[in-house]
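In the two complexes that follow, subunit A is the common piece, with subunit B as its partner first and subunit C second.
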Partner chain A sequence: MFAKRTLVSRVGSIKPVRFFNSTSLKKQELIIRQDDASSPTIQAPTIERLKKDAGIPGVISPNVLNDVWFNQVSFKLEDLKYGMAESINRTDLESCFVVQSNSLNSNPFLGNRKSASDMMDEYTLTTNNKVIDQYYKVLTKTAKEPSEDLVFQSTSSIYNMYYFLSSLKPTNQQIEKPNSSVLLQTPDINEKITNVPTLDLVKWIDTSFGSLEEFKALFLSSAASIKGNGYTWLLHRFMKPGNGDTRADSKKYSSLVILNTYNHGTPHEFRSGQVSSARKYRERSASLEKIEKGETSTESDEASLGIPTIEEAKDVYEPYASTFEPLLAVGVNPSFYVRDYGVYGKEKYLENVWNAIDWSVVEGRFSLSSDKKL
Partner chain B sequence: MNTAKGATEVLKRTSDYLKSGLLSSEPSWYKVLAFHPPKYDFPKSIRPEVLQEIKQQELTQLPNSTTKNGDFFVTRIKPSSFQGDLIRPQKLKFVEDELRDLFYKQHPWELADPKSLIENEHTIDLAKLDWSTMRQYTKILDGESVVQRTLYIAKTSDKSLLEAYEQAKFEYYRLKIVDEAERNVSREESEMLGAVYAKSLIEHGFDQELKVLTKWKKDAAMQTQIMEAKRVASSSSGETDEVEETEEFVIDENFNENSLIDGINGRDAAN
Partner chain C sequence: MSLRLVRSIHTAPRLPLQKKWTSEGIKGLMSAQQFKLSWIDYQDYLTKKLTLNTVGTAFETRTPLAITLSSARKSHLAPVYHYASQAHNNHFFFQQLKDVSETKVNPEDVIKPQLLKMINNSFENFENFKNSFLYAADSLSGNGWVFLVEDEYKNLKIIQCNNDGTPYLYSKNQSIDLNGAIDLADYEKLISHEEKLANKVKDYSLPLLAVNVWEQAYVEDYGVTGKADYLENFWKCIDWEVVNKRLFSA
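Moving on to the complex of A and B:
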């Protein structure tokens, strides 16, 4: 389960244990089995391909990778633990990190099959990576709690970065600092797309975005347009499976989408609706003011007649609840590229990132692409 | 010779006089005028190519221009019919205009992008910009960029004008996509950080329309109620008053139209 270099530490220990040799790894596993319910293991997701002081050749230099992944994540992990220790929902949040052993989970009558009561439970997104599933659970619990902001921010930052850095493979491209002439550069229209996705993904991209060219242009220009910190995501959006839905149902309404998140925003749907609720708050306070002044409001008349305003129509645009399955993220925080590519190097950096995307990893996360169960 | 008409040719005429010996010495203004000749030819003159064109038309315009033997009639078109044509200003033809026409015919919505026609008139000289790149620091990206870039490509490479246009067009598409994505993303990003934007013209128009529609819907509901009340009343009394009812309909329609016009005027006034 653990790679050689993991960032595993236990709640309550003074120093995080960073590196294991094979014997300590076995010990650690033993300890986890003994008391998994009482003291959960909070750890950062591991990316086996990333090695300290190696960087990602052709994309990120060793120093930058050490800072943004190895050092930053260990700090964020400490933040996360601190935030959870302070939280009033401590046990609830820690329960996300409890590893359930299979022996406890399996039903003596049904084996590993799902019982009817399990099926009635609310659907949760699952991935190949158990640690990421734990982080996802923490995100669902903290996304709408203002008091849990520290936990949410640190969880989300590790979660987002994992989806970015784990999708990259080493390449033999040049890391270089372009000069200001790139600002006026005219795109080469005859350029062929390199690092083409796997065939299965290309089909999905074609149906969702029209063509691979359109997808690349939209994806990279969305990423390049982020002014501050943020990620551009490729997500698989599908109907939230409910009772009696078959796999075919969710396939019918599913598509790939591109989404931007800013700062430590999460691409998942449980965080959505904040702008529209803020808008509603503003409108409500405006109408309250009017009533205080003694003006008769005409807005209530309009509302009763049932003609929605543009904002209302936008907010209720989604006819069904959809779930977003992350496939790929591209981070454009200045800390990722400015030291390697300079201030004019964002496009060059994104081009290098595109060529370094490991599409087999991306496809592995796509629940509909293979015969995996939804 | 009408000297008033030939005022701009006074230099030529004086030279002729000097050469022929009609004038013995140069007038004092002669050299000054030679160094600073008039910039414009104000009196309209007949250009030889126009005359030639008219002469060619002469044969085709006349109904029976040949006799049975195949000889020409000795005849001319009346001067009154071509007098207007003789002093017609010359048609100026530029390849840029044709490219502009083609581009905006293919992309009519590019005309919807707002553009200042007066403010940059003297500050921007398109010829001075370096069109080896499509983007320019002092020139917004629009159809004119495609035209200038096309000319640059056609001049510097061995591509035909149409091929150059195609290349410039696709470069423009790519940059336009980048610009549009940037606009949307920065709007979204700023809104997330608390920016509140003023309503766009389309949204403003929608609001104005909504006001009228709301009023219409309210009136329509009331009219329906009145009509139903009347129908109930008439059926209970056993009489129908068709004429009066239709008259009321007409008034009603006018009323709605007026309110619609008011709404549109209000929108214009607000703009």
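Moving on to the complex of A and C:
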């Protein structure tokens, strides 16, 4: 019988063979049970504005919202808990969900760091949502671990959806299914932009994209161009502070950027560089093999051991130098819109989403909002 | 002297049971509403978009499959490729469906011996084949297709295609999802595709069976988390006679 839940159907492929006889099995069970007693609570982020059976008026109907948020999130949360319980890095992953007590922060030299060793840690993004910060930590730990696929995917899908649905406010637009004639429509270039962002954001948009018109066109057509599942993000990119720095420097190369992620992809820079390091590893092992065999090492072999190619340099340096702070995401998974807007209605859906963006929420996520003078 | 101008457009094909399914849905698999979404509207959308993207080009008069094959290697034709590949895959999927009341309880009674033997050779037994096929579909984390293909050596294999992947060309199977962690095996596979393409290695795989795991194929009836139920029902609604005929016989 084929398993009803994805969760169950994955058991066979993920669970490692750990047990050889029944005694060791019992021991293992005992340990797991003790762990469970002290395990931290793994929860989904809540969005206060979203209510069951209410939908987001003017954007997403009640049935669809119940399905994609309330139902899907509890489903993914089960996957996440299961994936963490099965993970070989369980303790490390669970530590992301431990709530820090404030009394630890009394040392004036450490600021909001817990210990001196934290000063050596990579700079970490923080938001005003504790649960989202926990999810972010899980992402940093799993984004490059092929064995943590289930944890990464379930975390990332909740994380991404949070940035989408929590950025929307109710509107009085119509949710309707256009017919196929919309495929022949040309956009009206004289149309005035509705739901204009807050003044400070508009300033940033102007310097980063040229104008609000250009921004909206680029943002929405990036979203429309995603054919499968994915999100179009508005991110704030800034130079990653060096070790020990706690604050981002707002003046240095800081700008807003638009980025697409597909399936469970994450917009954060810590996932990048994987292909280039695989390439490097492969080239290195090929060169070493040649040297071991006693074959004369050619110039190109030597080069592959030292100076990176332009491709590698781009892969490695560009993303690492910047940090991407998520401000807004727009999801275009077919499950978000086909039931309400039909297959011809993606543009209509995106237009409705644009008009429902709560720009004050978006601006609130901007870490530089206090000193964002240009 | 006369001048004759001909223009062609792509249109959605009609299924043999289209009229019945439009009003009643496919019994045991999808409601009339779900059928309208994933076949009538979606196929119409794909073919109309294909027309808009191919008008005035050599692709204007070619079938979606022919367009898929000749655009698969050219990244600048990606927009054309998407609609052609999707139109072909979706048609391929709907052609092999039947109302549950019309299918046999035990598929092994309908599958022709030659095919059944191949299945047993490649997957040990039929139950194992079913589980592997549906597991491949269930574990595909985004949208896409899962195919059973017959390769040039008469072996059967299951291919996962992400998004608009096609089973006809190894470099366009799109079976690796690069959006999460990438391990060395994934990278090796990418490199081997590159090398095979450079050496002009051909792919003679032919698909026999497909399942559509794009969200629009099931969300209306099953919800976004109902994929496993949809897949169970799909298995009961396969018209194995169609699959039999797809097996290459010289």
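In the analysis below, the second predicted complex is superposed on the first by the 263 of 374 C-alpha atoms of A that agree within 3 Å, B and C clash if a C-alpha of one lies under 4 Å from a C-alpha of the other, contacts with A are read in each partner's own complex, and residues count from 1 in each chain.
Heads up, the rule we're going with is that a contact is a pair of C-beta atoms (placed from the backbone, for glycine too) under 8 Å apart; a residue touches a chain by one contact, two chains touch by 3 or more.
Values in this document were obtained by computation on a predicted structure and should not be read as measured data.
In the superposed pair of complexes, A:Tyr344 makes contact with subunit C only, with no contact to subunit B.
In the superposition on chain A, A:Leu212 makes contact with neither subunit B nor subunit C. When the two complexes are overlaid on their common chain A, residue A:Thr142 makes contact with subunit C while staying clear of subunit B.
Of the two partner chains placed by superposition, subunit B and subunit C are both touched by A:Tyr262. Legend: residue contacts after superposition of the two complexes on their common chain; A:Leu183 is shown touching both subunit B and subunit C. Legend: residue contacts after superposition of the two complexes on their common chain; A:Gln153 is shown touching subunit C, with no touch to subunit B.
Residue contacts after overlaying the shared chain place A:Leu125 against neither subunit B nor subunit C. In the superposition on chain A, A:Ser222 makes contact with subunit B only, while subunit C stays out of contact range. Touching more residues of subunit A than its counterpart among subunit B and subunit C is C. Subunit A uses residues 183, 227-228, 262, 265, 275 to touch subunit B in one structure and subunit C in the other. Every residue of subunit A that touches subunit C in the complex is listed here, in rising order: 2-6, 9-10, 13, 67-68, 71-72, 75, 142-146, 148-149, 152-153, 156, 180, 183, 227-229, 261-265, 271, 274-275, 278-279, 281-282, 333-335, 338-339, 342-344.
Across the complex, subunit A meets subunit B through its residues 183-187, 189, 217-218, 221-222, 224-228, 230, 260, 262, 265, 275, 301-302, 305, 307, 309-310. Residue ranges on subunit B touching subunit A, taken from their complex, read 133-137, 149, 167, 170-171, 174-175, 177-178, 181-182, 184-186, 188-189, 191-193, 203, 206-207, 210, 213-214, 217-218. Within the complex, the subunit C residues that touch subunit A are 37, 41-42, 44-45, 48-49, 52, 82, 130-131, 134-135, 138-139, 141-144, 162-164, 177-184, 186-188, 191, 214-216, 219-220, 223-225, 227-229, 231-232, 235.
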